[in-house]
Amino acid sequence: MILVLAYGAVLLSFASGLLALMMNQRQILLEFSQYWLKKFPDSYKLGRSVLENSLQEGRYSNVLRHAVFMLLGLSGIFAVLAGLSVMLGREIITDQIGLGLPWLPWHVRFDSLSGFFYLIIGIAVTAVSLYGPGYVHAYDENRHPFAVLGLFTGLFVSGMLLVLLADDAFFFMIAWELMSVASYFLVAFQHENPANRHAAFLYLLMAEVGALAIILGFGVLASFSDGFTFDALREAKLSTTWASIAFVLALLGFGMKAGIVPIHVWLPEAHPVAPSHISALMSGVMLKVALYGLIRFCYDLIDTVHWQWGGVVLIIAGTVSALGGILYAMMQTNLKRLLAYSSVENIGIIFMVLGLSMIFMANGHPQLAALGLLAALFHAFNHALFKNLLFLGAGIIQHQTRELNIEIMGGLIKRMPHTSKLFLIGCMSISSLPLFNGFVSEWLAFQTALQVDVLDNGVLRSLIPVSAAALALTAALAAACFVNVFGMIFLGQPRSRHSEKAYEVEDKGMLAGSALLAGLCFFIGIFPGVIIHLINSVAGQLLGQTLPNDSAFGWLWLAPVSAEQASYSPPLVLIAALIAAGISFWYLRRNPATVMRRAEPWDCGFGGLTPRMQYSSRAFTMPLRRIFAKAWIIDERIGKDMQGAMNQDVAAIHYQLQIQDHSWPRLYQPIAQGINKLAKQVGRIQTGNIRVYLGYSFVTLLFMLWVIS
Amino acid sequence: MSWLIAILQTLLFVALAPLLAGWLKWCKCCLQNRKAPSLFQPYRDLIKLTKKQPVVAGHASWLFTIAPYIIFSATVLAATVVPLIAVDLPTSASADVIVMVGFFAFARFFLALAGLDIGTAFGGMGSSREMTISSLAEPAMLMAIFTLTMTASTTNLSVAISHVLNEGLVLRPSFVFALFALMLVAIAETGRVPVDNPVTHLELTMIHEAMILEYSGRHLALIEWASQLKLMLYGVLVANIFFPWGIAETFSLQTLGLGLLVILGKLAVLAIFLAVSETLVAKMRMFRVQEYLGFAYLLGLLGMLSHIILETSR
Amino acid sequence: MIAVYFVLLIPFGGIVFFAFAGHKADTGKLNVRFNAICLLATIWLAINVLDQNTILSSGKAFLIDPFNVYLIVLTAFVGLTTSIFSAPYMAHEKDLGKLTDNRLKLYYSMYQGFMLAMYLVLTTNNMGVMWVAMEGATLATVLLVSLYRTPESIEAAWKYFILCGVGIAQALFGTILLYYAAVQVGGIENSLLWSVLYENANKLNPEILEIAFVFMLIGYGTKIGLVPLHNWLPDAHSEGPTPMSAVLSGLLLNDALYAVVRNKMLVDGASHSETAGHLMMGFGLLSFLVAVFFLHRQKDIKRLFSYSSIEHMGMMTFAFGIGSSLSTFAALLHMTVHSLTKSAIFVTVGHASQVAGTQSMSKIRGLIKTQPRIGWGLLIGTIAIAGFPPFGVFTSEFLVLLATMHSYPWLTPLLLLGIGIAFAGLFRHLQPMVYGDKPEGQLPIEANLWPVMIHLALVLWLGLAIPGFLANWFSQATILISGSAPL
Amino acid sequence: MNIGHQDFYTQAILSMAALVGLTSFLMLGQGRLLRLIFVFALQGVLLTVTTALTAYSLDNHHLYISAVLTLVLKVMFIPWMLRRQVLLMNIHRDIEALKNNTIIMLGGASLMVFSYYVLHPIVQTSSTIMLNALAVSLSVVLLGMLLMISHRQAVAHVVGFMSIENGLFFAAIVATNGMPMVVELGIAFDVLVAAVLFGIFFFHIRTSIDSLDVDRLNRLHEVDK
């Protein structure tokens, strides 16, 4: 039954993809329907009318668009149901599909871990499919055919779902690459602008390299076992060295997809150029699938995680990514690029917490390991929610203002009231403020880090608190970053014509999709127990250890370790907050004489404040840019136009700022240049002179004869 | 019973905050040979402000008008967490120290947004600087707090405090470091000299004031009150974490009364220290703040390490 | 078994017919018919083999076993689809005035000649005849390479001719040595027959066989396009008419490899050292890695894909060289999917270059906008050849990687590096061609893309699931070659 | 072992082998096309004689046929065709200046040694003659390649190619008393076709680069100029 739901989700998304192909086939459908109606003239009055309506010239494309997304949404709902039921049932379902290699059919395994990520994907996909029709409506059918978009969206989603189902290396890689390739086409969707092409190329290249690393990782396991099924791989008895090699390969492969620094560069390139609902899926969900891969590989396949250095590596990589991600994010002015970098940050946090749990596992504290895993998965879940929300919001803004550059927005809070509220919720949860879901997982992360006392190893005991402090810094910077974002986009006065003219989006679906996510953000923030209960089953299956929190009042109190040590009760906090706010509000508003009066803001008496006098995003982040100057390659130019007598007084000042990621010049350009150089050298052997060629075969012959004898 | 005490304690917090501010001002005046206003001047200011009609910047949005309420109640929530006169109260169980930091972040978030909302240069400048400083201060503060929580192996403030209380007078090097770190952070977070100067209105030097420049009437009152409350909170943190003696562990009238008196005493002393330092030290440049906070972070780190290496090394 | 004679006689008839009938408007269609009938014949043949695994014709002249039967069908199939493509293509070339009736006459009759040679190579049981047929293939195609009579094409043809001629001569020397070794043993009747040799392999003198194998490897290796003997390949592919490139890449290289493997089986039978395997591995890896770098510096679209052929042949040679059952299975599969995919790609490439009016990649732009089917065909084809699932190439490469991981773990990084760089090389050239806005003055052309779709569909099918009979053949052949069944 | 102890047939074969080798050397050093072709024809004659000799001594009839084939192809047709081409394009006068001729010669000599060395394992299995004969034919093959590498004239390349064929043929005769008939015929057919094609190609190359200098066939390359 559960399996039916799981397969149903895959098939439905696949079907939505195929249905999208019908976009250009209206004529054929029309003829077919005519024929059908002739065949049974007096049947299905209703179906007939529906058919005729939907096949009308003007209607057709719209109807189809909605149908496609409806299927997608259905698959999302199926995925949610499947995930929930498998996690509540706490069972493991296995199956085989008669495809694949002759001696190796596709093995399927659906357990709590898969179920949890199924849930994530399901929610995201549902929201996106609510949002989608309104968004893609803007595309011009001739330049950007919906058939392509819909097809690859469907393939993309089904690929992700299949990855979660896979239970042998071969099937896993097929699903994995299906996901990559489909998303590649989505990134390249608007391929007439070079940015997309470049991003798509980079993305596919890194996906390929990562996939190769993963294959090799499986290969290492496989060469110690018989066959590529995960069951066989689990049996593999590896020496520590080989286990470490496999781990490093997996980290490289999955990390490349998840986007940890410094192998993250495809992310900020690919996410901005993809259609917003796709970037939402990529950033919110696909990265999680990579995370799933890593967890599956490290916790499940490499049977006993005996090496705590793996955890240390994860912690360090995670910390670097978290800090780097948020610092880079802060300097971006392209909204979606910024969000992409902030995904890097969140993934970093998740990796860090995973590393913690790995260390606890290695030191024989399974319960704390479970705590860490819980924090990581919970944060993954939250990130999926609010990052989706933010990307969808960004999509709406782009849709309404034709702009992504936050430097030239402003004042939208009045023009787009609903969007602004939803976006605000997103910002609050991502900067992990209490009462929102982001905070809960951050809190759990801190709690995990604070358990370091149980460890014996002094180095770890001092390393982990430092990384925890880095986590704190990250959180604070994230808050600053998103204050900047929200302030620049929605507050103050409009900085450009577009944002002056902007208005709230009509399409209810787009708002509904975002509202769903926003609501979840808040709900989970208030009742985290719900999700924790689910994740416990995952931990139970992976580590054979759950948290004590599953007690009575689990929904009210959050006491992961013990009520003595730490506890947090969002509902009470919410109530208290409401009381406090209510009292002060009532008390101060009771006097009718003191209604608000509007006036011009203080302008130092010069008069004529213009929008250009507001703090811009660049200005907002300037202090941090000064303080962390080493983190970027900053190219700041100030040009002055002089005029007047002896060119003394300044007429105008031009300010240019380029900020670049260190990893480009340090890592990527050298590789590219190296390959080109090598290719040039290799090219020399083909001189074009036939006698030289004959010489080659002559020499080869002699050489090989010599080798033989 | 305990709930009642908790609520009373919170009210006490809210009520006493302006008094502390007044006392601080009084001390400074005395140190600077100025004629001091009465201790209750802050109360008068607040009342006056609530009576006034609030004026709001022309194109400020709803966010600007509700921000004060949010800021105030967030700070009050933080106050519920910190034990003032008695430990093991249910409220401090419902939210631990990390959550308290979260509340501060919450208030700050909206304060900064409000600063940006009015769409003038000052607001933006203020929010930018505020976010910068706070994002540097937060790790330092957490380092300091972690030292404590790892000693007491809990993040629940009242449990931690009673733990310190029960183990009696133990000289912990880590605590010394943590204490100084926390003090430095407190000064930065509450916007005192040398990081920020609450009394100045010289545009280019102000941080906190720049953000609330457009506020008036009851809004201003709320924000002022919130910042006084914040000052007191930090004071109580420093006082009760590191010198918890005298705080009530049982809910009898005299213990509570004693606790109240003791804490008043501690705060008074702290305020004097603060006043002296503010009189002696000059405000530092914006871009030297990172060194200041870096030092605070370093102290916190040292505290942490000394806790790990010196105190519980195995 | 009569089927074999059909398989051989039909193309022979084709040669004669086209040579004397002269070129008419419908010759292209006739060519399709010939190939279609031939395909039927091969299928008939395959059905014969289906029940009993190996068939020796009377007089042992022909040998059909699981190793070559699927190659035969593949040859016929690719031959057919390519002829389907070539009919409108050549017509268009004629309209452009690049070709005359006489040349087309030559083209079609030599097309059949090439097919005949291919069938002969595959079906014959006689090593000598195999050599003759291989040489015949060269002779049949050399004139087609120079079909356009441009200086480049003539140069390419000359190089092809000389290099392959000299190379194949080495193979003959190897054959003679083989024969000699067999004669030495004595008591072996008509000892050039592969089946006979295979039975008595253990009696043969290993040293002689190894020397012979060196000559074979050099000789047939030239045809496979192993570095550094590959130099003729890109020239011939890029200068000849595109259908020729398709069949050269899709069939000729396979069959040369087939010949080498046949000989390797003998050597392995004779000597139990792995010398032959190691030689093949070395050659394969070298070709693979070098070709990968060449991909990056191509300007001509057909050259690009011919280098990718070298790369893949290198990988197959490497896989056969490893000689474990897994790698052998992978190599057999790779032969199939590679020739399907590569010929499909060449078909689209031909159309693309007709759309742009040039083969230089800097001029081919915005195919998806100009003619979506061609653009998508090229894109999907390249995705497939670059080894992305769910296409079959991925399956085989996956298996090759794992097999290498099993047998020679320290070589896998090289393979991975190669695959990565190759991918980058292909896509850096591909993307600008298919994406982007439609350039000026490019007109959609009359293109028949069914071959492409069928090929890619088959490759997809093979990637998702290998049909039972094929899997059976593969595993039989694997047992034949490597001595044990895959897993 | 001493050649004196061999029977007449063997002695004859060995001397033939020596002569064949000699002719290859002559060709290698030869700059004039007409002489080159003549020497090539001479080699063909030697092959024919060898074949006939073998056929007679083993009275193996199908070898007579291959002898005749050799005579027709290698002695008459191909030299005639080549000569005709050369005269047609009147390049019979220009001498190809061979660079460092002596080195090439020495290289050729060392090749002969090398081929003995390579084929040495065969000694265990068979009499020395076979070894010698095979070695000679191998060296003829290698010399043929060397000829092609050292000469720039397309005609010379054809001659080299054909002399390689000769070497193979010689090996086939002396080592294995000829291949099976069908193979012999096939090879002969291939050679014939090849010869014809070469004729065609001379014409094409001539028209495209108006010379037969293969060094000028260098448009297709991978080197950045």
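All chains are identified by letter, namely A, B, C and D, in their written order; residue positions are counted from 1 within each chain.
Definition applied: a contact is a pair of C-beta atoms (placed from the backbone, for glycine too) under 8 Å apart; a residue touches a chain by one contact, two chains touch by 3 or more.
Predicted model only: the values in this text are computed from it and were never measured.
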#### Entry: Chain whose averaged C-alpha position falls nearest the assembly-wide average
A
#### Entry: Far-end chain from subunit C, centres as C-alpha averages
B
### Query
Between subunit B and subunit C, what is the gap in Å from one C-alpha centre to the other?
78
### Distance from the mean Cα position of subunit D to that of subunit B, given in whole angstrom
101
## Note on the structure
When centres are defined as mean Cα positions, the distance from subunit A to subunit B in whole Å is 37
### Query
Counting in whole Å, what is the centre-to-centre distance of subunit C and subunit D, each centre being its mean C-alpha position?
31
### Query
Considering subunit C alone, which of its residues make contact with at least two other chains?
158-159, 162, 166, 170, 211, 234, 294, 297
### Message
At least two partner chains per residue is the criterion; list those residues in subunit A.
### Response
680, 683, 685-686, 690, 694, 697, 701, 705, 708-709
### Query
What residues on subunit D touch subunit A, complex-wise?
114, 117-118, 120-121, 142, 145-146, 148-150, 152, 157, 214-215, 217-224
#### Entry: Touch list for subunit B against partner subunit A, complex
50-63, 65, 69-70, 72-74, 76-77, 80, 91, 93-96, 98-99, 102-103, 105-106, 108-109, 112-113, 116-125, 127-129, 131-132, 134-140, 142-143, 146, 149-150, 153-156, 159, 203, 213-214, 217-218, 221-222, 286-287, 290, 297, 300-301, 304-305, 308-309, 312-314
### Query
Residues of subunit D touching subunit C in their complex?
118-119, 121-122, 124-126, 130, 134, 137-138, 141, 145, 148, 154, 157, 161, 164-165, 167-168, 171-172, 175-176, 179-180, 182-183, 186-187, 189-190, 193-194, 197, 200-201, 204-205, 208-209, 214, 217-220, 222
### Query
Touching subunit D in the complex: which residues of subunit C?
126, 128-129, 131-132, 135-136, 139, 142-143, 146, 149-152, 154-159, 161-162, 165-166, 169-170, 172-173, 176-177, 179-181, 183-184, 190, 192, 205, 207-208, 211, 234-235, 238-239, 294, 297
### Query
Can you name the residues of subunit C that touch subunit A in the complex?
158-159, 162-163, 166-167, 170, 210-211, 214-215, 217-218, 222, 228-229, 231-232, 234, 275, 279, 290, 293-294, 296-297, 368-369, 383, 386, 388-390, 394-395, 398-399, 401-402, 405-406, 409, 412-413, 416, 419-421, 423-425, 427-428, 431-432, 435-437, 463-466, 468, 471, 474-475, 486-487
